[in-house]
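Shared chain: subunit A. Partners: subunit B in the first complex, subunit C in the second.
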Partner chain A sequence: MSTATAEKTAPLQWNYAPAPESVDPQFRKRYDLFIDGKFVAPAEGNYRPSINPARETTLAEVADATAPDVDKAVKAARKAYTKIWSKMSGKERGKYIYRIARLLQERAREFAVAETMNGGKSIRESRDTDIPLAAAHFFYYAGWADKLEYAFPGRKAKSLGVCGQVIPWNFPLLMAAWKIAPALATGNTVVLKPADTTPLTAMKLAELIQDAGLPAGVVNIIPGGRPTGAAIVQHPDIDKIAFTGSTAVGKWIQKELAGTKKRYTLELGGKAANIIFEDAAIDQAVEGIINAIFFNQGHVCCAGSRLLVQEGVADTVIAKLKQRMATLIIGDPLDKNTDIGAINSKEQLGRIEALVASGAEEGAEMWQPSCELPAKGFWFRPTLFTNVSQSHRICRDEIFGPVLSILTFRTEDEAVEKANNTAYGLSGGVWTDKGAKIFKVTRQVRAGVIWANTFNKFDPTSPFGGYKESGIGREGGWHGLQPYVELE
Partner chain B sequence: MSTRVPVQKTYKLYIGGEFPRSESGRTFDFNDAKGRHIANVSRGSRKDFRNAVVVARSAQKSWAGKSAYNRGQILYRLGEMVEGRRDQFIAELQQQGSSVADARREVDDTIDTLIHYAGWSDKYQQLFSTVNPVASPHFSFSVPEPTGVVALIAPQDSALLGLVNYLAPIIVGGNTVIALASDKKPLSAITFSEVIATSDVPAGVVNILTGYRSELLSQIAGHMDVNAVVYAGDNVEDRKTIQSQASLNVKRAIFSEKQSQSPYAILATQETKTTWHPIGL
Partner chain C sequence: MVYGTKGYRFNSCRARQISVVTGELIMQASQQPYPNWQPSPAVDQVGVEERIARLNTRSIKKESKVQALKLALSMIDQTTLEGSDSAGKVKQMCYKALHVHDALPGLPHVAAVCVYPTMVRVAKAELKSSGIHVAAVATAFPSGQADHDTKIQDLRYAISEGADEVDMVISRGAYLRGEYNYVYDEIAEFKSICGDVHLKVILETGELGTLDRVRHASDLALAAGGDFIKTSTGKVQPAATQPVTLVMLEAVRDFHQRTGQKRGMKPAGGIKTAKQAIQYLVIVNETLGPDWLTPDLFRFGASTLTNDILMQLVKESTGVYQSSDYFSQAG
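Let's turn to the complex of A and B:
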């Protein structure tokens, strides 16, 4: 049997031949705004290059929507809502959404490559997670469209109108699906803004929506930066805002909407505790820790970024973790062997570097495997910190990168106390072979999604969303219908 | 022989199962419709509110941890206690301007509302929980859980029923609450707190303040250890203040002009927790 010390002295060498994915992502040279069923030039004529963060090359130019474009999109969405979508039977609405799901499944590989090139995530993840889940999400909510009368006993579910939706850059297409699918199923129309660094799969989705024959104006996709998002939030003819992104922006939105009748759902940041008990299956737990924090380069709001290890197994877990981290393959996101792809943007890399620097300054101990990083592009080595105190910024702030802060605990109560010692409450993890302990702990952790003996699992049928400062409302499942309907 | 002089009640706050005066020492006059002095009502301060949040927070975990059956019986007992004090509540509502017929109806509806929500204590979970048929080999299920500490800005015009209509769905779901009573009709809320004190509702689960809405609203909505604020009313300025302040900690800001009995009223101050576990590992 291998021991922690033996493993430390015998680093593994992995050499894989390159295995690049070669499907053509079929980017246009230039993408206009998708408004009222057509691609139209932006009012102010601005385009911004959208790059591949792994190579720093430009993939396409994408229109930058400004307030007049937002207004145009909202008008189109309102017209489509009043004249077509709100009058259409759920059965017919559903069939359009099914079409989107099917078309997406058919072009899954192309979308996966596009997602990986534009966002930097590994092709394995975009191929196996992002794109299939996006298609599944449309398929799931398509089926709800003609069943809403059964969803809320004693009440009639009525659509809201025009939904303004602002999504982040970490799961670009999947977040678009999370937003658009339930909105359409419940009879609303949509103005969606993808993130400024990752608009390309959303624009490809716009093409696909054209192919699906969705009535003009039901979905409008207008890329842009923060001012575009603000214009959507502030537009007086939008009935509901759905936002996924940082807690700071979420708070701004909540405040901005104060005194209006606009509804809103917010899916914000997190600082999840991943709790490893002594009686856990340690090797499985180590894999779980890796998945929890390094999935999608740690650009995951529900990432297990605080590891809480019970003292008796802390040394073993940390040793095994380091050994496993040393085997992670960092590099070309299009290579099917790659575990950790590129950091999404230069800005994000800067934020990660600043927080990691604060960790060292505040007295935590940093460890990274030695691995080569590509010369071009934005990269960050998988990183762990030990000797972390709960007051350290790396233990309080969302880093949104491949950086793990490790704390230890002795008792269940201490684990729960530490897990809940955060302003966030999006997710959590518990690893133990004792069923009774799982329920005891998961009930006490104040978070919206808790994975026991697993981590980072998602499904369209399973509601997702946070407690406390991690947001308001749920997306996915039956629960995900509620934010898009008024119950009469 | 002289006639007996009745003993009058001092209307105080209800915090942590006790009846303190406002720490500020302030009161405000409450007169009946004819201008006769009825009471010096405590004018609760921001500090009183903060004190109430501390006890509400410490009471929340064990309240939520009680069995649903137990919480239901405690709410039922609240109904029993109001029933036993019908005459007192009716007289007090009359002092605050209600006709006798309206007062009777209000007390009846209050009791019935408590009984209604008592029955929901072990049922709303079954309506709003799901087992999620995920595609991977996992057991995934979602259940409602209390959002935590809730501040309630009770309706201005309905001294007793209005309060109970909003309070009952909050506490039956395992939340603890700090309620700010109507400042126009503050008396019934304090008398209701005597009902709470005698109904096995643990100290700190329900806290009732009297005071001026205008001076407390912003502080209540901005408190960093309050999870939700429920506002009964339609004042746009109030709503704006509440939601702006609520954004400090992404507090759930729940606005409701009128409340009808339903499990959806309970759902308003619930979170959804989803738990996953592998199958067959």
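Let's turn to the complex of A and C:
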């Protein structure tokens, strides 16, 4: 008889060594406003530091645009619209957009590092998702520029004029691409305001647009805070507003624009239901739940923040989920092995903490893995809540952080009812091994985007947008052209 | 649904209560084996491939890379399974297993050598008490196309020659026909014959066709008493792949969750580079956790992997790559 089985070798304690991405993001010390093809100082001379939320260090100073600057930008955009861009053929417009796409692709790594340093998201995501998708949007809409008559057969698609675009801090460059690409393809000019915490990739995009030789004034980028955004919304010579951000601001914009001729699209909050049926491929569903809620630290309007799991597999799913959450690597966003980066800002961290505290107070049961967090910067552990009821704030309010609320259901009907019991309707997910169930359930969930057996998949060809308080209008795909044209 | 020896699919913790001496079920009067009605979970291939792609983005550098390379080396089942195998070739392979690269001190030896039963005696004589195991393939390897008695004879012969481990093949024909109880009983019987000899159950995933079947066959082999589940014989393409490995590791994880027992897993065939080996270790680490980072619970079946790992280890130590001429071949 062999003694082979008696010998035991102690397992290796294996910790991945740091693997930081080392490309230089090429930040300037100071960024002015990008108006009429040039970088110009702000009228009131104010600059604010833009920081790295993972280290709380200043990366660059960025100009703060005020009402006079907005006016200047709108005038430049109007001039460029009237004199050049609206007269240019679609084919020529397309060439410029393709050039932006190619330049972005060539400098993808530099932009990824910049995005990660300024926003806190992991380099894995900025490298594999944000920047490639941003380039893909420019490529996609460049292709439409000379084919608008085929997009709207029998009708003439006329451009609108000057578009005011206000974007959020969760996907800074990608949101800029979502806004700028379709506007340019349809012959409009743009005044874009990046979010006040994450202006740096937008300013780098301004440099790239200069390099691409885009005619002056076609794209103007003016960073600033809420007053800047308000000045854009209220400017009388803007024809269309495109906003992505919070539902509260979206409602304010709607009130402001009531009775004006300005068109608008709003892409607002969400509280998506991710429904796991007991016949789902459980291990892959668990991975899907992780992607749904912890992608980009949960700073995702379409995050799957409400998990609805069928009771027969609830214990299994929750146990597996905890096991998987314990393997998530939290820390330096520039490390290629980091899964969860820093929270975007101190303010956002405060909002997450307050909502999580309310969850515990209202009687839900909280669980977090026992990972260490860096001493500096803004961090929040991936968190799940069980014992959640439909009336808890953590089940109703958008947390916009790595926090998952878990509810169970028994029947299909109950799942649908719970999924729809929200003020939002942006996205949703259904996990089942049965094809027929996918179609039956997804047709009943009132949300703009529903994924089956996957989550958080984005593609420039696919329209994106919400029902109810999640917004109005669609971005992406053929649908994304419509808000930027007047059909005759 | 899988059925066991008495027509039930046993709850896994009971399935292990087969006496290794007699091969009979140990049952107290009051204890009836009761069926486990939980079906094997569905597996979504697209999701598995996405998970693998994400795991492959792990960047393993510096000291963690050296650790991984040494660990991978210690997990290798150095294999030769050719009709042309000779005593001389097996002796050379055993020497290589003991002295993987004397120019670089401090390296572990491989876990085992894997040979046909007729070569077990030769290998045992070479390896003696080195701690390197001798594994024999048996039960009509690689096709499994023999009658039951012949397989048993093959198995008994390998054990009598002194094999520490046996790599068996399941009857794929029976499995694909849906005769799951036959396959289960066969594995359980082989395990009872093996006793303390480690039994690795080769599923030959390249012939199973779907990841659903890979998962189901893994559950079956674990419940029937296999100490390890192994992907492939190396004689069928595709051999080991990362998606298949992930699914089998998930089966091992769930089995541990249910029963508290730690079983092993061995991908075999097609793992040729150090980079691949590190990717596999990442999959193990993030699926089963660090407890499985030991040759007791994870192995690589490979014939040419050793030298690629050595090349990387020399590079980490000296900063330059050496030509393959500087690394002795295994056989």
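What we mean here is this: the second predicted complex is superposed on the first by the 474 of 488 C-alpha atoms of A that agree within 3 Å, B and C clash if a C-alpha of one lies under 4 Å from a C-alpha of the other, contacts with A are read in each partner's own complex, and residues count from 1 in each chain.
Everything below uses one rule, namely that a contact is a pair of C-beta atoms (placed from the backbone, for glycine too) under 8 Å apart; a residue touches a chain by one contact, two chains touch by 3 or more.
Since the model is a prediction, treat every value here as computed from it, not as a measurement.
After overlaying the two complexes on the shared chain, residue contacts for A:128 are found with subunit C alone; subunit B is out of touch. In the overlay built on the shared chain, the residue A:89 is in contact with neither subunit B nor subunit C. Touch criterion met: A:284 reaches subunit B and subunit C at once. Within the superposed three-chain model, A:448 lies in touch with subunit B and out of touch with subunit C [touch as defined at top].
By the touch criterion defined above, A:469 reaches subunit B but does not reach subunit C.
Greater residue coverage of subunit A by touch, when subunit B is weighed against subunit C, goes to B. Looking at the shared chain after the overlay, A:479 reaches subunit B, while subunit C stays out of its contact range.
Once chain A of one complex is fitted onto chain A of the other, the partner contacts of A:254 are limited to subunit B, with no touch recorded for subunit C. In the superposed model, A:336 makes contact with subunit C only, not with subunit B.
Counting contacts by the rule stated earlier, residues 284, 453-454 of subunit A appear in both its interface with subunit B and its interface with subunit C. The part of subunit B that touches subunit A in the complex is made up of residues 127, 130, 132-136, 138, 140, 142, 145, 147-148, 227, 236-237, 239-244, 246-250, 252-253, 262, 264, 271-278, 281. Residue ranges on subunit A touching subunit B, taken from their complex, read 136, 152-155, 247, 250-252, 254-255, 257-259, 266, 268, 284, 423, 438, 442-443, 446-454, 457, 459, 461-465, 467-472, 474, 477-479, 487.
Of all residues in subunit A, only 1-2, 4-5, 7-19, 124, 128, 279-285, 287-288, 319, 327, 336-337, 433, 453-454 touch subunit C in the complex they form. Across the interface of their complex, subunit A is touched by residues 41-44, 46-48, 50-51, 57-65, 67-68, 71, 74, 131, 133, 162-165, 195-198, 227, 250, 257, 281, 285-286, 289-297 of subunit C.
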